[in-house]
Amino acid sequence: MIQLNANHFIYLLQAATWTLLLSLIAFAGGSIVGLAVALLRVSRVRALRALSSGYIQLIQGTPLLIILFLSYFGLGILGYKLVPIVAAGLSLTFYAAAFLGEIWRGCIEAVPKTQWEASDCLGLNRFQQYAYVVLPQAVKLAIPPTVGFMVQIVKNTSLASVIGFVELARAGQIINNSTFEPFVIFTVVAAIYFALCYPLSLAARALERKAHAGR
Amino acid sequence: MPAAEAPRKAPREPIVQVRNVVKEFGPLRVLDGVGFDVAPGQVAAIVGRSGSGKSTLLRCIAGLETVQGGSISVCGHDVGRPGSAARAQLRRDVGMVFQSYNLFPHLTVERNITLALTLVKKQSRDQANAKAAEVLSLVGLTDKRTAYPEQLSGGQQQRVAIARSLALQPQVMLFDEVTSALDPELTAEVLAVMEDLARRGMTMITVTHEMGFARRVADLVVFMHEGKVWEIGPTAELFASPKTAEFSQFVASEL
Amino acid sequence: MSYQFDFSFLADRWPDFVAGAWLTVQLTVVSIALGLAVGTVCALIRVYGARWMKAPVGVYVELIRNTPLLVQIFIVYFGLSSLGLKLSAEVSAVIALVVNMGAYTTEIMRAGIQSIQRTQLEAADCLGLTRLQTIVHVVLLPAMERVYPALSSQFVLLMLASSITSQISAEELTATANLVQSDTYRSFEVYIVVALVYLALSFLYRFGFWLIGLVLFARKRKLGTAL
């Protein structure tokens, strides 16, 4: 049995940077697609609303694990080499987009109707209404729950381990395969996740309090 | 005077005794040596400006607040001390009606009334329902049995709250500014119910802003000012000849 | 693209998917029920408990909510067994899911319980209800009604997350799929089928929780308004 040593910790911390990178990819991709999902969801065109809503229902009704398998094997079928980070990045992007889209839709709808009416009376067109009146207000509402959802993204990157992407959870498994000290190793892994997530949780809560106090 | 027949509301052994009560919220002394008695069948009105401590006094009598000094006895139960074993007993004998009604929003009118009957008095549902029907007719809301609180007007909700307390057959009823949240026309229907109760001989202590009601119904008026009983006496006497400037000013301002 | 989809494995393997779905239902119904119980008790402690009770509950909630379920499952299954506590994959799965569910439910129920005004407690007190009676009849039911939408979403999320227990080979739907996949080599098709089964389950769960809500919340059934 190999003793747990400093190299193992360095290995875990390196893997944690992959966790962070994957989280960033998922958040960036999820934000772009998610904004589109949110805007379609409040569109005046019924078909677009239905499309967006269908997408949300579909993703939110399927386990992320299965989405990961589907993109991994799906990309393989399309003839692409099975690159775990691409499959994981895509899966998490589509996953995050559904949840962020739903969160942001709520924020857009929370902007009072009178704001639309007022800007309409000033002669702003639909795009200008969004750009100058509604979205700036919605963004303010959206920040706390969005930061909160980032915690979910970081935690969910652990599932990329199932398609062979070596991030923090996978690194823990690899070390465990040689050292056979699962309790210690997975506790350390959990502690690193906690160190990544807890500050985000605290920030989300502080932002939420501030938003409430401002009202 | 021959003691052949005592008048109906002559002072008998008091049912509520408040002695030298001190109540503090942190550094703030809200009640400063308050004392008075209420005899069975009497209606006492506690009046005074907001901040005079009158609502706190009532909450102390109801056992909702602990007191720092003095004693309160209601129906022979010692109230106002933390962890007092008399508390559970007190609940059987004292009913409380709040300014904000405090009906349970998730329960029907009937269930609001029967909840304590089945849980506390261990009555069967049928027994409890019969009692609910009885008290609902007393407050004139028989047809609202299956309604939920949010479907009722404020006045109706308050009448249900009174019925809910009555169902437990208390010996003393406490009313904490029960009409303050109501429009004038709704106030009237609640006051009518209370007057009816007074006529039936219920012992009542009511904190109120309704001077007309106090004059008409109360036997005893307690005027609170700066945490003290400033003036106290039989209603007619007190209103006819106020002894203090504060009370005459208060009466004048309320008219 | 010349990929030929082939779902022919369904002809003789469909009972596996049904069995797998049934296992997932059993696993998650037990976990939801126990998790709700844990979360409700913890939420009551967080709102009404003494300070020394509140602190450990707070630590529990934060630890669980800020670490991945996958790692929690590994700690319970591999970690505890290395410490000498050998648990089957299914028992480990239930424990991990309950612990996880309990933490999220605590936060949801806490919000519900805090929304019950103190005056409601005073009214119950004045009617002579004991503390326990007050909590059951005056606090918990309306609190649950207020947060029921969040609660049922969380239940559905847990059902979906239960797929992660396949990583310790707990018997449920995803593990079944992994098995069929390794027999048939039709990975993409198998996971499409499984995705559809999960989708169906999530709709079924939502419908089920809606029905339970109707039974539980008579006021809502009659008036249709939010409490």
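Quick notes on this structure:
Chains: A, B and C, in written order; residue numbering restarts at 1 for each.
Methods note: a contact is a pair of C-beta atoms (placed from the backbone, for glycine too) under 8 Å apart; a residue touches a chain by one contact, two chains touch by 3 or more.
Computed from a predicted structure; not experimentally measured.
Chain-level centrality, scored on Cα centres against the all-protein Cα centre, points to C. Across A-C and B-C, it is A-C that has more C-beta pairs touching. Taking the CA centroid of chain B as reference, the farthest chain centroid is that of A. A separation of 57 Å divides the Cα centre of chain A from that of chain B. A straight line joining the Cα centres of chain A and chain C is 21 Å long. Our note on geometry: chain B versus chain C, Cα centroid distance of 47 Å, whole angstroms.
Partner chain A is touched in their complex by these residues of chain C: 1, 3, 62-63, 65-72, 74-75, 78-83, 156, 160-161, 163-164, 166-167, 174, 177, 187-188, 191-192, 194-195, 198-199, 202-203.
Against chain C, the residues of chain B that register as touching in their complex are 62, 64, 88, 91-92, 94-96, 98, 100, 102-108, 115-116, 119-120, 148, 150-151, 164-165, 168. Across the complex, chain C is touched by residues 58, 60-67, 69-70, 73-74, 76-79, 151, 155-156, 158-159, 161-162, 169, 172-173, 176, 180-183, 186-187, 189-190, 193-194, 197-198, 201 of chain A. Residue ranges on chain C touching chain B, taken from their complex, read 119-120, 122-129, 133, 137-138, 141-142, 145, 217-219, 222-223, 225, 227.
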